[in-house]
Each structure stands twice: as structure tokens, then as C-alpha cells.
């Protein structure tokens, strides 16, 4: 199981090769990519910060859970940190399994859990400012205190 | 939109590059791979036959429909024909879009529709025989005539 | 009227069907009022080895899926499509 | 008893919280009976700029998510985890 937090460019071929198996009929690959806009603002670049040792630990726990839950043969989870330009890959996930349905369901579940639990943070940098994006999907996010009239 | 039926090895990087866009936040890649077993039998290799011109036409129709249905930015569908060894990729699909959910849903829908509608056939070859696999998911497959007691 | 492309149809066979018939392509004369189904029935009459495949066949006329009752045109290509299993 | 690793805890700060505090790592003495919450409260008392983050913080003790009421051990590492946004 390939698990890695790194400031180097993520290599798709490496992550696919890491999950190959003669018993695999399906491989699913997910690339989370820096896009040029966020909630209507033009993004210049992103900066990812991690608590690297804990991030790898939690990524491994999530990957093990995904293997059991979806009967995956193997999976790989790689997260990049540092400054990323538009079009660069921040998250790379590969899963291999017998059939296609589990490959999509397992991959999707993995990304969702990573978004909630892995200690990685994202700062958006625009032409005229920057902001830490505190993920609304994080387990640590409180719902709003009350409804506004 | 990259659509291709070919007897050449499918290139994942080419299919990812074909859907790249500054507006894309998610790219999903699906690889259908030849596995070493099928319903308990050990597979030696597979042979895929296509009605190539119609297969490309139907793949393009399905891809256009997926773009509209899931709001995809772009997608690529490549299907290989001829003799394929264990571990080789028969089907390669990439989709790009704004966010992860549509990338998984759109990719999964594409594979399912391809399985039902694209005129491509598969022959399994074992040590001691071979058989054309008539897809139970094909639109042309009749349900069994009646229940058995 | 002579026997020419205007009144013939090209039939394509694939996979298990081609293997059973021992042929992948043939031409057949068509008659006024012919449909996909009537052409198929005359074909099966001369090639009874195709009969077992008929319940699961789909048909494409010039690369477009059609139904039994759809009319055929001279010069068209009719493909007999056994259940597909593309993908993986 | 001397002031040593047995009775101190290392605190890690990240992202928005590190930016607000202007520090990424510090050591704090702990007292018998201390919990995640009591250590956090003493930290916020000396660094009030952290108070606005508290409602959305998670905590990890030696890289394991814990709750406010969980006890802390001397020599442990407590990370203040603002809402994560890994992935994409």
C-alpha cells in the first residue's frame, strides 16, 4: 500500500503500478487538481500545509478501512504539499479491485474521508490576498450557531 | 473529446492530457483490465472484437450525453481490440470536471453505458477452450424465459 | 430491374455469430417492403445455424440501432449485433 | 519535582492557527489531572488571539484524534487541528 505526503510532483504511473495485480479487473484513479477559480474568485495558486507524519498515519487508516469495506485488492494515496500552480495535482488516489462498481465506490469514499479526516490545510492565494480555506466537510467544523431570519 | 478504438496499447497519460483544463478540479480515470480469472476459470488471454466505426460513433454519443448529464468539462474513451494479456487495459476512460462527485458519477455512468451499448465483444481463451462472452448487461440480452422450480 | 446496389443490402456478422456462420460479411437482395425482421428471417432461412442467436440479437442499420419492424433501404449496411460485452 | 519532559507537553499549531499565533510549536508544563481541554484553556489564556479558533478545533494526541475530556500524558505531543481541507 503506497501512502505518501510529499512536496514533489505526484506521478500517476507510479500510483497505478503500485496497485496492479493479476486479479484486478478494474483500476480507478482520482486526481484532485488545482483549478483556476473558487467560489467565483480567480485563484493564482494554492499552498498546502500538512502535519505530515499524522497525515500519512490517517491516510493509511482510511486506506485500510476502504480495502475492507469495498473488498479492494490494493490502494495508493498520495498528497502533495507546498505551493501548487493551476493544473497541478494535489491528491492522487488509485484503487484496484475485481470489478468496476467497487472501484468507483471505493475511490469516492476514500476521497470523501480524506477530505474530512486528514490533517492537511489549503491556502488560496489570489492577486490581492490570501485565505486559509477551512473545509466545511471537516469533522472539526461546527454547524452555524443558528438560522438567520 | 478523444474517442478511439485501436489495437494499440492504451496510454493513460495521453487520455489524462486530453481532458485537462484550467477549470478542472477533479479528473477521474477508469482502467478496465484483463484479470486472470472469470467465474472461477483461469483465463489465458482475452480477444476483443469490435465493429470499429460504429463503436466509435456510439462511444462519442455516450460521451456527449455524459458531458451534458454530469456537467463534465471533457472526457476521453478509448477501447482496445485484439489479443490482450492478463494485466493489459481494454478500456480507458478519463473525465474532467469542477468537483469530485461528478467525476466519479460521470465516470461510472460512462463505463456502465459502454458495457450496454458499444458493439465490442470479448472472447475468453483458457488452456482448454474458448468462449464468446455475451454480456448479461447488454441491451440485447433477453431475460431468462422463466423461473426454474 | 437489374440486380444492383440499389436493391441489395450488406450484412455484417460479428463475434459468436460470425464464428457460427463462418462468414463476416455478405450481400443480400432486398424486396419492396422489407424490414430488418424480414431480411433477418430470409437470412436465417438459408443459414439455419444462425437461428439460436436470434432471440438475443440487436440490429444496426448504417451504424444506428434499429428495431425488427424498421424498414431497410437498398445500399444500406445491416449489422447483426450479438450481446455486447465491451469495457471489462 | 523538576521541570522536565515528564511534565511538559509539546503543542503543535498549523495553518490559520499558526498564522494567528505567529508560532508553530511550543512546550507547556502540565499538572496532575490535566485534560486536552484544560491544557487548551491555559494556552488560550496566555494567547487570547487563539480564542476565535476554539469552536472549530479538533485535537490530536500523539497523532490520534482525541476529545476535550481525554487526559494528557507528560512527554506527549498535542496538535491543534483547525478544520482540514485536504484533497481538492
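Going by the order they are written in, the chains are A, B, C and D; count residues from 1 in each one.
The rule is short, and it goes like this: contacts are C-beta pairs under 8 Å (C-beta built on N, C-alpha and C of every residue); 3 or more make two chains touch, one makes a residue touch a chain.
Keep in mind that what you see is a predicted model, and the values were worked out from it rather than measured.
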| item | value |
| --- | --- |
| Neighbouring chains shared between chain A and chain C, ordered by label | B |
| Farthest chain (mean CA position) relative to chain B | D |
| Approximate Å spacing (C-alpha centroids) for the pair chain A, chain D | 25 |
| Chain C and chain D: spacing of chain centres that average the CA atoms, whole Å | 74 |
| Centre-to-centre distance between chain D and chain B (centres being mean Cα positions), rounded to whole Å | 50 |
| Set of chain B residues in contact with two or more other chains | 25-26, 32-34, 100, 111 |
| In chain D, residues with contacts to at least two other chains | 87-88 |
| Chain A residues within the chain D interface of the complex | 32-33, 48-51, 53-55, 57, 79, 90-91, 111, 114-123, 132-142 |
| Complex contacts: residues of chain D adjacent to chain A | 12, 14-16, 19, 55-58, 60, 63, 65, 79, 81-88 |
| Of chain A, residues touching chain B in the complex | 12-13, 16, 20, 22-37, 86-87, 96, 98, 100-101, 103-104, 107-108, 111-112 |
